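In this document, chain identifiers A, B, C and D correspond to the written order of the chains, with residue numbering beginning at 1 in each.
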Amino acid sequence: MLVVMKAHATPEQIQAVCAAIEQMGFRAHPIPGAQRTAIGITGNNGAVEQERFETLSGVSEVIRVSKAYKLASRDVKQEDTVIHFPRTGSCPEATIGGRDLAIIAGPCSIESREQAFAIAEQVATNGALFFRGGAYKPRTSPYSFQGLGVEGLRIMAEIRDRFGLRIVTEALDNESLDHVNEWADVIQIGARNMQNFSLLKRAGKLRKPVLLKRGLSATLEEFLMSAEYVMSEGNYEVILCERGVRTFADHTRNTLDLSIIPSVQALSHLPILVDPSHGTGKRDAILPMSRAGVAAGADGLLVEVHHQPDKALSDGPQAIYPEQFARLMYEIGQIAPIVGRTLARGIHVAEPTV
Amino acid sequence: MLVVMKAHATPEQIQAVCAAIEQMGFRAHPIPGAQRTAIGITGNNGAVEQERFETLSGVSEVIRVSKAYKLASRDVKQEDTVIHFPRTGSCPEATIGGRDLAIIAGPCSIESREQAFAIAEQVATNGALFFRGGAYKPRTSPYSFQGLGVEGLRIMAEIRDRFGLRIVTEALDNESLDHVNEWADVIQIGARNMQNFSLLKRAGKLRKPVLLKRGLSATLEEFLMSAEYVMSEGNYEVILCERGVRTFADHTRNTLDLSIIPSVQALSHLPILVDPSHGTGKRDAILPMSRAGVAAGADGLLVEVHHQPDKALSDGPQAIYPEQFARLMYEIGQIAPIVGRTLARGIHVAEPTV
Amino acid sequence: MLVVMKAHATPEQIQAVCAAIEQMGFRAHPIPGAQRTAIGITGNNGAVEQERFETLSGVSEVIRVSKAYKLASRDVKQEDTVIHFPRTGSCPEATIGGRDLAIIAGPCSIESREQAFAIAEQVATNGALFFRGGAYKPRTSPYSFQGLGVEGLRIMAEIRDRFGLRIVTEALDNESLDHVNEWADVIQIGARNMQNFSLLKRAGKLRKPVLLKRGLSATLEEFLMSAEYVMSEGNYEVILCERGVRTFADHTRNTLDLSIIPSVQALSHLPILVDPSHGTGKRDAILPMSRAGVAAGADGLLVEVHHQPDKALSDGPQAIYPEQFARLMYEIGQIAPIVGRTLARGIHVAEPTV
Amino acid sequence: MLVVMKAHATPEQIQAVCAAIEQMGFRAHPIPGAQRTAIGITGNNGAVEQERFETLSGVSEVIRVSKAYKLASRDVKQEDTVIHFPRTGSCPEATIGGRDLAIIAGPCSIESREQAFAIAEQVATNGALFFRGGAYKPRTSPYSFQGLGVEGLRIMAEIRDRFGLRIVTEALDNESLDHVNEWADVIQIGARNMQNFSLLKRAGKLRKPVLLKRGLSATLEEFLMSAEYVMSEGNYEVILCERGVRTFADHTRNTLDLSIIPSVQALSHLPILVDPSHGTGKRDAILPMSRAGVAAGADGLLVEVHHQPDKALSDGPQAIYPEQFARLMYEIGQIAPIVGRTLARGIHVAEPTV
C-alpha cells in the first residue's frame, strides 16, 4: 500500500500520516520525491482499510501496490535514487546513481598493506573514487584463503585517509557486518548471500549504503525483493550490481547479463552497477565488457585490479593490471558523454599508450 | 592430505598420529572404516611435508588429495555414512543412509499446534519416522509469513514426544541455529544458504546431523564443498538433499536433477535424499517423482504433506494430502526391495484405496 | 478450434462435418476416442465462425482451443495414444504407449554388419522388441564419423528379419527421411532437429510413427508444438522422448528432466519415452535412471547398448554392456507392475548374476 | 592438420601441396593470409602421416590442430576475415568484418510490398547498407504465419534495386536455400538450424556469405563447429551472430551473451554480429543493447525495424520504430570511433530530436 501525498503537503502533514500508519501497527516509509512525497506502508499481511488513509489531511491518493516489491519499485518513487557521499576528510564528494559514473576498483582480497597500497595508488591516480577489497572472503572451499578480517578493514581505512578513496567491502555474517559497518563506506552483500534474508534484514537496520550483488541464479524479481528486504527495515540506500549468472555457457566463468540494466531501470529507481570481473572471469573480456556496461547505461563499474595478479591469493585470472585499468578509464570516459554521463575526476584526456 | 593407517593399527597409534598433526598446527579428522582408519588433515593452505607422516608408527601411506573436497569424498572413506538415531523417549531407533529409506514428511511451515498435530498424526500413521516443519522460513518477500520461530520449535518438540517422530527443521542464521540445535534432531540448511559459509561453519561446530540442501544453481562439486565446510569443523554427519535446480524449463517450479544420486554415490559416502515437493512445485508430480527418486537409489525422501493445502500459509500447491502420502508410502514400499531397501515400519501391506 | 461430436454420432455425420470444414478452406482432423469423436480444425489463422459448426448434425459442442497445440493436447483427445505394430514377418505384435513398456535398444551407430548383429542378438535375447541404431549421424564436428547411410539401413532391415526386432532410426533431412521411411519402422527425429520445422512437416506427410526427441533447451510447450507440426500434416503417431536438457550442471552430460513425464501426461495423450543414455552420458548412471524413468511413469526407454563400447565410433562412454542391459531389463521388469505396466516378453524371472 | 607454407612460397608450390593432399583422399583448403598461406586438411578421421607433407616444396611446418574446429580457428588464419561486397547495380561497396560496422536492419517478416518498401526506405535513409526480412519463417506453431516465400524474395530483390540495400534472409531447408541463394546477398541460417548439419553442408557448397546465428543453447565450441561445417565444404565466408541464449532469466526473452564477442575474437577470425532484437525481445532494451554490442567490439548489428510494429505478423514487440532506428544509428556512430570503427555512410552528424 502506498499513500501519495499532495504536491504541496506540509512536513507536518506527512509526519501525521506516518504516525497514523505506525499507530495501526504497520511501518511507514516516507519517500520524498521532487514533485511529491509518497509513503510506503509495509508489514501489512492482509487487508488494510484504504479508506482510513484517504481522509487524512494532505493525502492525494492511496494505491494498492500489486508488485511484490514496493519500496524498490519505480511506481513508488519515480526519481532515480542518487546516493550522496559528502566531502569528508581526504575524500571528495561522490555519488552513486547520479550523473557521475561510480568506479569501484581494487583487488579481490586484501592480502597485505603493501599489496593494498600499491593497488590503491594506481586506482586513485587513474580516477576511481571508490576502493574495493575483500577482508572477509566467501570461498567455495574451507581450505582456501578466507581473508585478513579486521586487519584487512584497518588497512582499507588507512587507504581512505591516504588516497581519498571510499571503501566498499563485503560482509558475510552478523559479526563481519558489524565490523564492516564500523570501518567501511559501503557494505557489500555478495551473490551467495543475496537471499540470506537474515543478513539483509540486519543490513537494513544500519544507515550505510548497501551494495547488493545479484545471485547466481536470481531472477530480476528476486533481486529486487532482496533489495526490498533491506529497504523494508528502513535503509533505502541500496545499490544493485550485476555480476553474471550461471548458465550452460562455458566460454566465460559466468554469463554477464547486461540486459538487466534497462530492465532494472524500467522497474526500479535504484542504481545498478556492473562487475565485469566476476561476470566473465577472464582478464581479456573485462575491458570490452566494461565499455559495454557503460554503453548499456550502467551507473558504474566494480572491477578487480591487481598489480601482480599471478601472485593473487584469490581470483587472479580475473584481475586486470593497473595499466589496463588506465585504458579502461580512458575508454569509458569517451563513452560516458554519449550516454549522458561524466567521470568524476575528468583527468583522462590523454589516451594511454598501452 | 590423507594419512591412511595400516589395517591393524592400534587406537594408540591412531591417537599419536592425530596428536602429531595437531601439533603441526593442522586439524586431524580420524575416519574409522570397516577395514582401516584414515586421518584427514585440514587447515593446510600450502605445502605439508608428506614425509613427516610417512615415518610415524602404524601409517600405511600418505595421499595427496587432489579433489577440493576431502572429508566428503569416497576416496577418504569408502563405506557409506550411516547416521544413527538411537531409541530415545517415544522415538524408535532410526537411520539415514542405511538400508531403511528415511522418510521425512510434514508441512512447509508450522502454522499452529492444531495444524501441526493433525498432519503429524497422519505422517506417523503412514510410516514416516521423521517430521519436517518450518519454524523459521526464508521467504523471497519480506512481507510474507516468516514462521512462528521458537513457538514452532516447541510445537514440534511436543510432536516428537507424542508421535515418536524425529524433528527436522531449518536454521537460517546464528540465532535460529542455536534454537534449532536445542529443539530439533536434524538441522536443515536450506538451498539459499548452501553457500552461507559462516552458517555452515557454525553448524559444523555442533554435534547434530545437518541436512544440507543443494543450492539452486550449485554444481555437484560446490555441493560437496559445502558439506566439506560442515565436516571440516568436525561434524561428519551431513545428509545431502537434491531439491531441484534452476533451469529454463518452466513446466515445473525447478528441475529435479535425479541423476545427481548416482553421481553423489560415486564420489561421496554421504547419504543423499530427494525433495520432490520443492523439486517440482506441483502436487501431481510428487508421487511419480518420489517413486523415481527411490528407484534411482536415493536414501530417502523429504516431502511436504498438508491436510488443508489450500489454506497453507506457504507453498500449498506443492503439498500432498495425507491420503496421497499413504499411497506414496505404499508405492515406494513396493519399489524399495528392488533397490535393496526397506521401509522401517513395514506396515504398508495393503494398497490404499485412493 | 475443436468440434466435439455427440457420443452416438454416426460415421456419416462425422464425415459430413469434416467435409464442411474442408470446404471452408481448413483441414479437418477426426480424432476417434472411446466415448466420442472430436474433430480438430487447423489452418485457421484468424476468426472462424463457431456458429457455422454448432448447427451441423451430430455436433455436441464447439470449443475454442486456447493452447497453441491442439492435436497434441489431451483436451482434444482424452485417451492415451497407443501406437500399434501388428505382427508382420518375424516381428511379434507390439505397442508403444500401451500397457507394455516399449524398450528400444541398440548401438549409437551402425558400424558394421558384425557389430550390429552381435548387439541385436543380445538385445533380442533380453526382451527388447525394438532395435535402435544410427545410419545417419548428426555430429557436432564435420570430421567425425557420419554414419553408414543406406548401408546401415540395409543391415538393420536384415536385423528385423533375423531377430524380429522393429527398427528405430534417425532421419536428418529430406533425403535420409525418404530412406528411413522406406526401411525403418519408426522414424526418429533428433534433439537438434526438434525445431527443423521443414523436416517435421515432411515427416507429418508420411504414415509411419515418428519418435520426436526433446530439444536441448526446449520448453514443454515447444516440444508439444513440434509434435503438433507433425500431427497437423496428418500423421498422428508421434512418440515423445525426453533425452536430457542443457543446464549449468556438469556432473552429467545433460540434465535428464524426468519430471516432464507427469507434465506431458497431464497435457497430452502422446506416449513419452526416456533416453537415459543421452540424458546422462555416463554408463553408471543409466541403470538407476532407467529404473527412475519407469518408476516416474514413462512409456518405455531408448537405451544404447554396445558389446565393445571402448571401440565404438560414437558415444561409447554412454553405452552399456549387454550384461548390464540384461540387469536393466530384470530390474525394470520388477518395477513395471508397480506402475501398472508389463514387459512384453515376460522372460526375465531370473535375476542376472551381474 | 594444417600445412603452413613459407612466407614466400609461390602460387605453384601452394597448388602442388593442395594437389598432393587431394591425391591422398583429403580435402585441401588454402587460406591466404597477409604474411603466409596455410592449407587446412580436412577429411582425416585418423592418423595422417605428417612427414609426407613436411618434405614438400615451400612448406614451412605442419601443425596438428588439437581444437575440433580448424578452418574457423585463428590458429589457422590470424587475420580477421573481412567479407567484401563489391559495388554492383545500385549497391555501394560494403564489407562485413572490416572497419565499417555492418548494420543489417528491416522487419522480422516481409508481409507485403508496401510494408517492406516503407521500412526499407527508412532503413536506407538512416545509413544501413543491408536489409533483413524473412520470406521463410521458422515458427514455433504450425498455425502461425509462415512467410511469403518466393514472393517475399522478389520484393526484397526490388528493394535492393531501389534502395541500394543488400539483402539478408533466412533459408530453412534445401528448397528455400536454393531460392535464397538465387535472390539474396547473404544466406541466414537461424538459431534453430544451427545444428542442422545437412543444411550447413549444403550452404557450404554455395559461394555466397552465410550468416550463422548461435543456437539457443549452443556453447562457443559448438557454434564454431557449425561454422566449420560450412567452411569444410569450401565456403569460407561465414558471419557469426549472437542472438541470445536460453537461461532461467525471465526479464528478457533470451539472455544476450555479449561476452561471446571477445571470446569469439580470441579463438576465431570470423566476424561476429549482435542481434539485440531476438536477444532481448523487448523494444526498450534494443537501443541500450545495441550500444553495448558495439562497445563490446561487435562487427555490426542485426536489428528489427517496423513502421507499424503493433500490426506486425510476427515478433512486433521486439521491433523498433524507424525514428528509434535513427537514434540507434546516431548513438552507435558516436561509439564507433572509440572502438576503432566507422559507419559506412557517415551521415549522422546531427542528433535526432527523438
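Of note:
The rule is simple: a contact is a pair of C-beta atoms (placed from the backbone, for glycine too) under 8 Å apart; a residue touches a chain by one contact, two chains touch by 3 or more.
It should be emphasised that the depicted structure is a prediction, and the values quoted were computed from it without experimental measurement.
Counted by C-beta pairs in contact, the busier of B-D and A-D is A-D. Over half of the residue numbers at the interface between copies subunit C and subunit D are found on both sides, making the touching surfaces mostly the same. One simple way to say how far apart two chains are is to compare their mean CA positions; for subunit B and subunit D this gives 51 Å. Centre-to-centre spacing of subunit A and subunit D amounts to 38 Å, using the average Cα coordinate of each chain.
Those residues of subunit D in touch with two or more other chains are numbered 217, 245-248. Under the stated contact rule, the graph of chain-to-chain touches is complete, every pair of chains being in contact. Contact residues on subunit A toward subunit B in their complex (touch as defined above): 42-45, 68-69, 138-145, 172-176, 192-193, 195-199, 201, 216-217, 222, 225, 228-229, 232, 246. Against subunit B, the residues of subunit D that register as touching in their complex are 246-248. Subunit B contributes residues 217, 219-220, 245, 247-252, 255-263, 266, 279-280, 282, 284-285, 288-289, 291-297, 331, 334-335, 338-339 to its touches with subunit C in the complex.
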